[in-house]
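Each of the two complexes below includes chain A, the first together with chain B, the second together with chain C.
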Partner chain A sequence: MSDRLSRLLGRGGLLLPLLLLCALPFYLDAFWLRIGLFSMAAAIGAIGLGLLSGSAGQLSLGHAFFLAVGAYGYVWLAGEPGPGLPPSLAALLAVLLAGAAGGLFSPVAGRVKGIYLGVATLALVFLGHHVLLTADSVTGGFNGRSVPPLELGGFTFAESDPELTLLGVPFGAEERLWYLGLVLFSVTWFTARGLLRGRPGRALVALRDSETAASVMGVHVARYRSAAFVVSSMYAGLAGVLLALSFRRVVPDYFSLALSVDYLAMIVIGGLGSVAGATAGAVFVTALPLLMTRYADQLPLVATPGSGGGSIGPTEASRYLYGAAIVVILLYAPDGLHGLARRTRARLRRRPPAAGPPPPSSPTTTAHPARAKEHTP
Partner chain B sequence: MSAFLDNLLNGLALGSVYALIALGFVTIFKASGVLNFAHGSLLLLGGYLVAVLHDDLGFAGALAVAVLVTAAVAGALDRLLLQPVGGGDPHAAHVQTIVTIGIDIVLVTDLARRIGGDLLPLGDPWGDAVTDLGPVTVADSRVAAILVSGLAIGGAFALFRFTSWGLSLRAAAEDSEAAALMGVRLTRVRTAAWCLAGGLAALAAVFLVAFPAPGLERTTGQIALKAFPAAILGGMASPVGALVGSMLIGLTEAFVAGYQSDLHVLGEGFGDVAPYAVMVLVLLVRPAGLFAAKGAARV
Partner chain C sequence: MAPAALEVRGVTVRFAGLVALDDVSFTVTPGSVHAVIGPNGAGKSTCFNVLSGLYRPAAGTVRLGDAELTRLAPHRIAALGVARTFQNIVTTQGTVADNLMLGRHALSRAGFAASALRLPRAVREQRAHLARAREIAGLVGLAPHFDSPVALLSYGDRKRVELARALCLEPRVLLLDEPVAGMNAAERARMTEVVREVRAELGLSVVLVEHDMGLVMRLADEVTVLDFGRAIAHGTPDEVRRDPEVLRAYLGTTTEDAA
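Up next is the complex of A and B:
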């Protein structure tokens, strides 16, 4: 009985935030919804990268490239010039296209391991950027292309067509895309968890911890490595489609090395190898610069954008913050936000005796036992 | 013919500058197993220091200060931020690699903020002077790049070969545990390696932004990333490989840029990304680089 209760509660633990997320568009304005939308898109990409880097131990700096394949793939397939397919089909094909791009790279990805792969994937970002700039007819060159809105069975994810007002709240593009993002994010969340907890996940973790031992146990090293790469690219492609829909215009300069580094920062800050961690990291890295820009005038040390003169703008301030966050987290809490949360929960559950000395609260001391076990790429 | 010689010289000059950077990567990798993604920002730091100081100290003085400061910063980063990470974890070097990415974000953000949208001149003595060498005309800065890089690289190789530090470094790279048991102080060896790499990066900055490049800008650090393919081509753990890789990358870039009009299929500015294309092609054939020793896994 208690078992079933706890399982129900466990499910409720996911259901409650989901219901909350469903209710948000009725209360928040477009600014906050956009933050949420970008965060969900980033979370999808970060979960994909987490599969590859956190679980399979492969460092990838090419994530921006696969995001670009997804975004541009959708725009080209659904738009003019291009085949002009129905947008929903185009979105699906764009995800598959990103997977195929990952597959094409797999002769390298399957054999090059660890940090070498990080450098090899650098090549993808730079070559991809070059292609985006020069292949005018497909990508629109430097100025990019505008994104056709997604359409699903007569329902358009845009300002109108059909006009929609629910409970007195007009449903514009942000509100509609919010639910689309929520669905895609949930799908990502559950498929990634399923993958990680099942046979492939265990094989990948074995591969990360010891390649030799894993191959002796019957894990096909090159195949699993390439498969992890392909799956991670498909998640990136999906994130790219969602990003394109939210931005409504795609430009090559967005998909630069800095974007890849952002995604790496997300999974490191969140905690490698964890789906929830990747999500938390994605929200942190995505929301930080947007919030800082919005509240720049109220923050100390941060100047409003455009004031110039070598002052610290909001974008820079947030980059300082999360660059430092990577260093500090790896120094003191190598398993990231996810590990911190887990340890806090464990400590709360233990409930130390009231008379005893308080448990050490600094993360430095608690990080040690976990550090010995932690394997990160 | 003279166009060919032009491109050849350009490629050699470019390659020797990349060699300075790639040698730094390789030294760091040999000593600590870390792929230093903060190398570009160290290079930018060196260049920035020269740009700021050359008015007061003169070019040579500014360069000396920049090399020393960058070396010190690199050493300090290793000591204070990298060595404490990971402890006895066998994957510690991977974690430290990601730490360098964090460091790079902070350093590049700060330097880019200071540099802003400007192009900073470094005040080098070569300026835009050119010399006629038989049928070709070369910029003095190119000649200087080849000469100075040659000297610096020769010096670094002498360090590896003839000093006790070099011996320790090679021993530590071969088998760090055995080296430690033999009395090699691993932390010192690797900090010294970081210092050497930092100094080389600062030196490379000067030639990377000399004529005909317009000057130091915020994206200069990104050019240093092209030395990554060079180091990878050579197999990462081999200084000689890094040299060969750098020359290959430099020549490829110069020739692709030089014959751009014949290669217009590949799009404008393909020279900038050609090094990466070469790297992917080589990795397809030899995943461990051109000069890597064949590794056997022991269970």
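Up next is the complex of A and C:
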């Protein structure tokens, strides 16, 4: 009985934020929605990289390449020049294309590991960037290509067509894409957690902790290493499609090594091997620079964009803060935001409600035991 | 699966000129406990690594019933029902349940797609295997720790997690590499009891590498003694204990008073 109750509360713990996220487009303006959209796209990509680098322990610096395959795959498949497929089909094929790209790399991924795999994947980013710049007819070269809007059964994820106003709120591109992002992110969250808690997830964690032990327990080492790469690439492809739709234009310079490093930072800041952690890290890394740029004039020591002079611009400032955050987290919470949250929860639970500073409201304390039962490998 | 004899025939392993195993042969009778003993560096762990497929022998064969193990990859050997533990504990992150469920890997089917979509088939399979894993945890006395993180367990308990994980493979042959190394007397006695019980209950063959002669003498039906990679003696524990070659290998002398 209490087990069922706690499970229900655990579900509620997910349902409530989801409802909140659904309501946000009615209250937030386009700037905030765009931050949310980029965060959701980044979270999808980060969850994918988390599977590969966090759970399976394979360092990949090539995530930007697979994001690019997804983004450009969609643009080319749905656009002109290109086959001009229906956009929804193009999006699906772009995800599969990214998976196939990961599969093509799997002979390498199945054999090389650790820092060597990192360097091998580094080559992918440079190769990809070069192709994006030179294959003009497909990628549009340096200037990139504009992204055809997604269309699902006559509904377009753009400013109009059909015009839509809900509860007095005009639904433009950001509002519509927000819900698309939310659906894709939920699917990612659901599937990635299923994977990690199921048989494949345990095999991947075993690979990371000891390949020898994994193999004598019956795990086909090379196959699982490659599979981790393919699955991670598919999530990256999905993130790429969503990013392309949000940017409405894809350019080669976005998909550089720095992007790969950003994704690594997300999963480290969030906490390796955890889906919730990867999400938190993705939001942190994505939102921070955008917020700092927006509120630059209110921050000390940060100049408003374009004012010049000797002071630090908002982009650099956010870079510094972001670097400092990584160092602080590595020093004080090596298991990332996820570990920090878990330990805080454990501490709150241990403390008797009567003693100490004002305890958190009782509904949250009752919800926590349910949450604490979920473990993340 | 029906019991089958594990036959080791003329296995030789060389590491860059060093002969780690030299023409070693022995047969593990189905359902028996077969101990492999010998001084440090005699080739006991090498022997285990050949049996579980981690090393390929330069010569010789290992057969389990009709199946030849010598050329198979470790995961294929595991699927045939050969499970092992390690001398130094090798567990993975997570709870005892996670580790035991890894032991069920070869027996379950759910792949990436089925697990990601949480298809009813995958969920059912996972539930069934979890129930069996819980049973096995009970068998080795780990039931109270089933949902605890392995990292928080005592040394002796972690050793038993390894044993339980190997048992989760439902093995026909269980390879135990120093199951009581580093344990205190109480933990040792408990482990001996556990091994005896699981053997009786599950009817599997056990191959045991161990330095603790007390354990070997109490548990083993047959003993093979290795020294510098060669099998120098075979027999029951009593026979082996009196073998002059064995005394020489262990004590470096042939004088009778050393016994």
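We adopt the following convention: the second predicted complex is superposed on the first by the 349 of 377 C-alpha atoms of A that agree within 3 Å, B and C clash if a C-alpha of one lies under 4 Å from a C-alpha of the other, contacts with A are read in each partner's own complex, and residues count from 1 in each chain.
We take it that a contact is a pair of C-beta atoms (placed from the backbone, for glycine too) under 8 Å apart; a residue touches a chain by one contact, two chains touch by 3 or more.
Given the structure is predicted, the values throughout are model-derived calculations rather than measurements.
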| item | value |
| --- | --- |
| First, second, both or neither for A:133, with chain B first and chain C second | first |
| First (chain B), second (chain C), both or neither touched by A:212 | both |
| Touching partner for A:221 - first (chain B), second (chain C), both, neither | second |
| Per-residue contact with chain A, leading partner among chain C and chain B | B |
| Chain B versus chain C as contact partner of A:349, first or second or both or neither | neither |
| On chain A, the residue positions that both chain B and chain C contact, one per complex | 212-213, 216, 375, 377 |
| Partner chain A, residues of chain B touching it in the complex | 35, 81, 84-91, 93-95, 97-99, 101-106, 109-110, 112-114, 116, 222, 225, 228-229, 232, 236, 266-270, 272-273, 276-277, 279-280, 283-284, 287-288, 297, 299 |
| Chain A-facing residues of chain C, complex | 52-54, 73-75, 77-79, 83-84, 86, 90-95, 98, 101-106, 108, 110-112, 114-118, 122, 126, 149, 165, 169 |
| Chain C contact footprint on chain A (complex, rising order) | 190-192, 194-195, 197-203, 205-206, 208-210, 212-221, 227, 231, 273, 375, 377 |
| Chain B contact footprint on chain A (complex, rising order) | 57, 59, 107-108, 111-112, 114-116, 118-120, 122-123, 126-127, 129-131, 133-135, 211-213, 216, 257, 261, 264-265, 268, 308, 310, 312-313, 316, 319-320, 322-327, 330-331, 334, 371-372, 374-377 |
